[in-house]
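Common to both upcoming complexes is chain A, partnered first by chain B, then by chain C.
Take a look at the complex of A and B:
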């Protein structure tokens, strides 16, 4: 059983904040397949297209038949811990600061032997399940977990170092008026977040969400307008030093494609909120969060954008709105690269059409606020970078991977 | 050539020093060499090619051996074949590396692609962590204890105290070994080699050439080499020697009982135990009992790593793959001085190298005989 995490003590402002350090980041190109799989929490390895041999470490040619056809496939993650060690000293600063560190050698039932991180609750020479997680350098690494859940297992220091678990962390949700805000706040409170700041624009304007939010323990509603640089900077000045997770759920949405709208009025608002809003928040909160990624139990850990799944591929009924989300997606990739050195994780949650007023004319399935909240918390707990929330988003990414150009044609009904 | 813990010099400098000492003692000039073989990790961006110009050599046969701990035996095999085939008359085999502050850390980070992808991101324990895993499994499967590994280390320290070139100068007791700071369980401080700067060299030529020049010499009774053996073993408890060992004894026309001294590759004591088994001195899994039953010092009944080996003389990068071989040549030619084993005529040398991912990939061994035998 893992020793439960203790709530962090109040920070001593006279003490130096620990500088972020990274585990080794360099990988071969083949190995990046592991990181891509870890970004969405999948355990995948290369499997030879010719002889089906499962490969590890990642390679450019099959170690059994020399085939160069080595696609990444979901593989059964079960295996046996053959041997283990506890590394007590390392020339790498990240591990030196976190020693002792448990690693082991696991024989996967599917074939290869895998050197991996080992969860504290794994018994010596026992059966294990491997998971593929992003470490603080943003690369996929394999971690052996016990076959069955153990009490407080998410508090294991090695596991927590790879996740963005909200427990004992302070979260900012940027838009109280979004229909998903109360569900998000409640899910985070249930996940153990210690404080939940929620930004509210035009504070004089009533909203039924406010009462729902105030009923959630730990919630504090603060003025925030993501279209107003001064407002964003003011809030960052107030709570930027204690924002461990930022969830950007601000959204401006109107239906319509380019010709249907006839002007750029709404498009300007969409860009202000959905694209420039993200940029303002990043410029105000990003540097502070990046400097606090090694700050103990409640170190800054993740930045979450809630995006339309159609950021991946436009759908003309909300064509202009989708374009603003595609801009935000592109910006998030730049931001993720800028966060990389600090270890701050950027998670995009791609959401299909949501159950709200603006999507009223669309047929089901539509995503409920609870589903978004559940996937956000799960994504944080699993330390993901990409989450596909709802059936439409899952369908869309599958089609996107099969062929983006085919998907583009399908979006306008050309596929029977 | 005394090793140094840290050096401000380069690999080029260390290689030149060993080469010069070797040539001087043989009464040769650089121009007499027509074959040159190099093993080094820290020459970058140079290779053996750059060294020819740097050192003013003009060989007609040139080799660069990136095999770490196996480089000595492999260099010997290749050079001997070149001389046998007439591609070269006199080959100098040299290995050397420098050790700057921080150079070990930087060398680790660029060691191999599999290590970069699949071993270093896991705690970055370097070779210590890899061998800790093998040691853990070896102890569980064969009942070896820390005391057993300690016997190897303590005996080698006793040998090193007789070797003026060794880095380690203080005596080591079994109690000190057992009480040492843990590094990567079950490996502790005295299980680990000390990275240092140093170089080793030997010359390969025909018997006729050596006799014509009046040089003491050893002959190669047999030599084997194998890479990536037993890839199907989930964890390494045996090395490539097991594939070829019968062939080695057949080449040499002798048996384990005829070996007067053994030089194993000792980056960690568990690897020495693996070699004692795989080279036929005892059955698999019984090396622990073997080291309990034998005295491994210079004066003992099973002289082993008589110069102190890497564990006590130091690991000078790729020179770690040469240290046992050079010591074995000194032993069978009666030139080992303070570490001389009385009456040593036949020596076995074993090499093991390159933890590419989870195990040592290269292995080799050779049996050397003194001229009189």
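Take a look at the complex of A and C:
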């Protein structure tokens, strides 16, 4: 079994913070399919469209029949560990700092034999389940896990290096007023987060969530208004150096499309909160978090945006709000690239219509706060970049992949 | 000596003091909160353009944004539906001599301290007049409640049934406007009306009556406890905003005598 992670001691202020290093990042274009699958936590490999041969490593032509029709498919991840070894030193800085590091070869039941990272609890010559995880370069790598759960298996150093597990980490939730704030705080507390800072805007207004938030162990409510640069900078000055996970749940939403609204009033608020709010948070908290991604057990590890699934494709009933989320999604891609060198992971959680006042006239299914909280924690534990939360979001991404223009036509009327 | 020379001398000697009745424009200062489906009053915001740095090496400046009705502010007649057809009803059209004038202060601080829904009624006004004389036509009337000394949630005092703060009754404001022909009415609260003013007939009687008669409003004032009941002089000039319904402003009072 894995040695359980101990709560980190208080940091020695006389020691220099360890600078982040990265595992090798270069990949062929074909290999990026592995990273794309890992971003969603899927185990996918190329499967030949002609002869059905499962491929590994990723390539441009089938290793059996030379067909170039090699789509990525979900593949059964089961296999057997053939050989394993522990690397005790490396010329690569990242692995040298983290040695010993276990690697091995796994023969997948689906066909190929794969060189991969091996979890500490995998016994020699045993059955394993391969998982596809993003490493700190943001590239998909394969890690063999024991076939059945082992005690404390999340605390395995190799696994934890690839995930954003909240255990013993300090989290900032940016908007106490969002109906999902209490559920998020509770889920993170249950996941072992050591401190949960929750930002509260406009302390001169009552917030119905306060009592529920204060009941969650580890919660500290602090002033934060993402529309106010000075407020964001002030909080970053206070807690930026101990924010390991930032969850941006700030949201301004009103119904209405462009012509229905007839003015830019609410749109300005939507941009201020949903787009510029993210930018202000990133400019204030981002550099500090990026500098602390190798800072021990509670190193900075992830940035989470909770976005509307309609950031992917607009729907006119909330047309202006959706546009602000599309802007935030685009910004998050730039931010992800800027975080890349540090290993700080950016996770977008795409959520369908939520169960709240502003979606009250909409029919179900609607996403409950608990579902958002559960998917955020699961996404962090799996080290994901993209999470689709709720039936609407899952359906939307499938239809988006099948044909964005067809989806646009459906979402703008004219489809069944 | 001319009048103004005398005044300058009095200001220099301290015989006339300048009292600032203005709150600082602060991003965290409360603004009126309407039901969320309505358009909202923008909070004061300030973004740095440069600060002696690569964005502008020798200078510091900010872009600011706010509503016409953010912070200590002036309400013009065209702010309210009752005043929409008043000639010269926008801040850029109001004759500038309207922005200065005598001011009387009705001290309601004791009552407002007891009752957060304290009402300024004709009886209160008449009792004040019995002690200080009739309110002169063309005067600014300020309702002192010491509400400006509240902060945080206690300022708007928002509850499930809306905000609770003092203000005039419909009869009270009608007496001031129709009976005394005042120039304008000012408060320490977030509006000229009581927190529960929507439940009067007409709703929001101060806004309705003042602006319908072409009178002006001032709100979010402070330091009213430094003004005498009568005898002070008010300077309250809003920004010259084209068709503006109001404006944040610096409100000053000239007061005779030592502090």
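As a working rule, the second predicted complex is superposed on the first by the 416 of 416 C-alpha atoms of A that agree within 3 Å, B and C clash if a C-alpha of one lies under 4 Å from a C-alpha of the other, contacts with A are read in each partner's own complex, and residues count from 1 in each chain.
We take it that a residue touches a chain if its C-beta (ideal position, glycine included) is under 8 Å from a C-beta of that chain, and two chains touch if they have at least 3 such contacts.
Nothing here was measured: the structure is a model prediction, and the numbers come from that model.
Engineer: Please work out whether A:17 is in contact with chain B alone, chain C alone, both, or neither, and reply first, second, both or neither.
Structural biologist: neither
Engineer: Counting only touches as set out at the top, which of chain B and chain C does A:266 meet: first, second, both, neither?
Structural biologist: second
Engineer: For A:225, decide between first (touching chain B), second (touching chain C), both and neither.
Structural biologist: second
Engineer: According to the stated criteria, A:103 is in contact with first (chain B), second (chain C), both, or neither; which is it?
Structural biologist: A:103: touches chain B, not chain C.
Engineer: Does the superposition put A:203 against chain B (first), chain C (second), both, or neither?
Structural biologist: After superposing on A, A:203 lies in contact with chain C but is clear of chain B.
Engineer: When the two structures are overlaid on chain A, which partner does A:2 contact: first (chain B), second (chain C), both, or neither?
Structural biologist: Neither partner.
Engineer: For A:135, decide between first (touching chain B), second (touching chain C), both and neither.
Structural biologist: first
Engineer: Is A:92 contacted by the first partner chain B, the second partner chain C, both or neither?
Structural biologist: In the superposed model, A:92 contacts chain B only, not chain C.
Engineer: Looking only at chain A, is it chain B or chain C that touches more of its residues?
Structural biologist: Residues of chain A touched, chain B against chain C: more for B.
Engineer: Would you mind writing out the residues of chain A in touch with chain B in their complex?
Structural biologist: By the definition above, chain A touches chain B via 23-24, 26-28, 30-31, 56-58, 63, 82-92, 94-95, 101-105, 107, 113-117, 125, 135, 137, 139, 141.
Engineer: Where on chain A is chain C touching in the complex?
Structural biologist: Listed in rising order, the residues of chain A that touch chain C are 202-206, 223, 225, 227-231, 254, 263, 265-266, 269, 357.
Engineer: Mind pulling up the chain B residues that touch chain A in the complex?
Structural biologist: My answer: residues 104-105, 108-109, 113-114, 116-126, 128-130, 132-134, 136-137, 140, 181-187, 231, 234-235, 357-358.
Engineer: Which chain C residues qualify as touching chain A in the complex?
Structural biologist: Residue list for chain C touching chain A: 27-28, 30, 33, 36-37, 39-40, 43, 45-48, 151-153, 155-156, 158-159.
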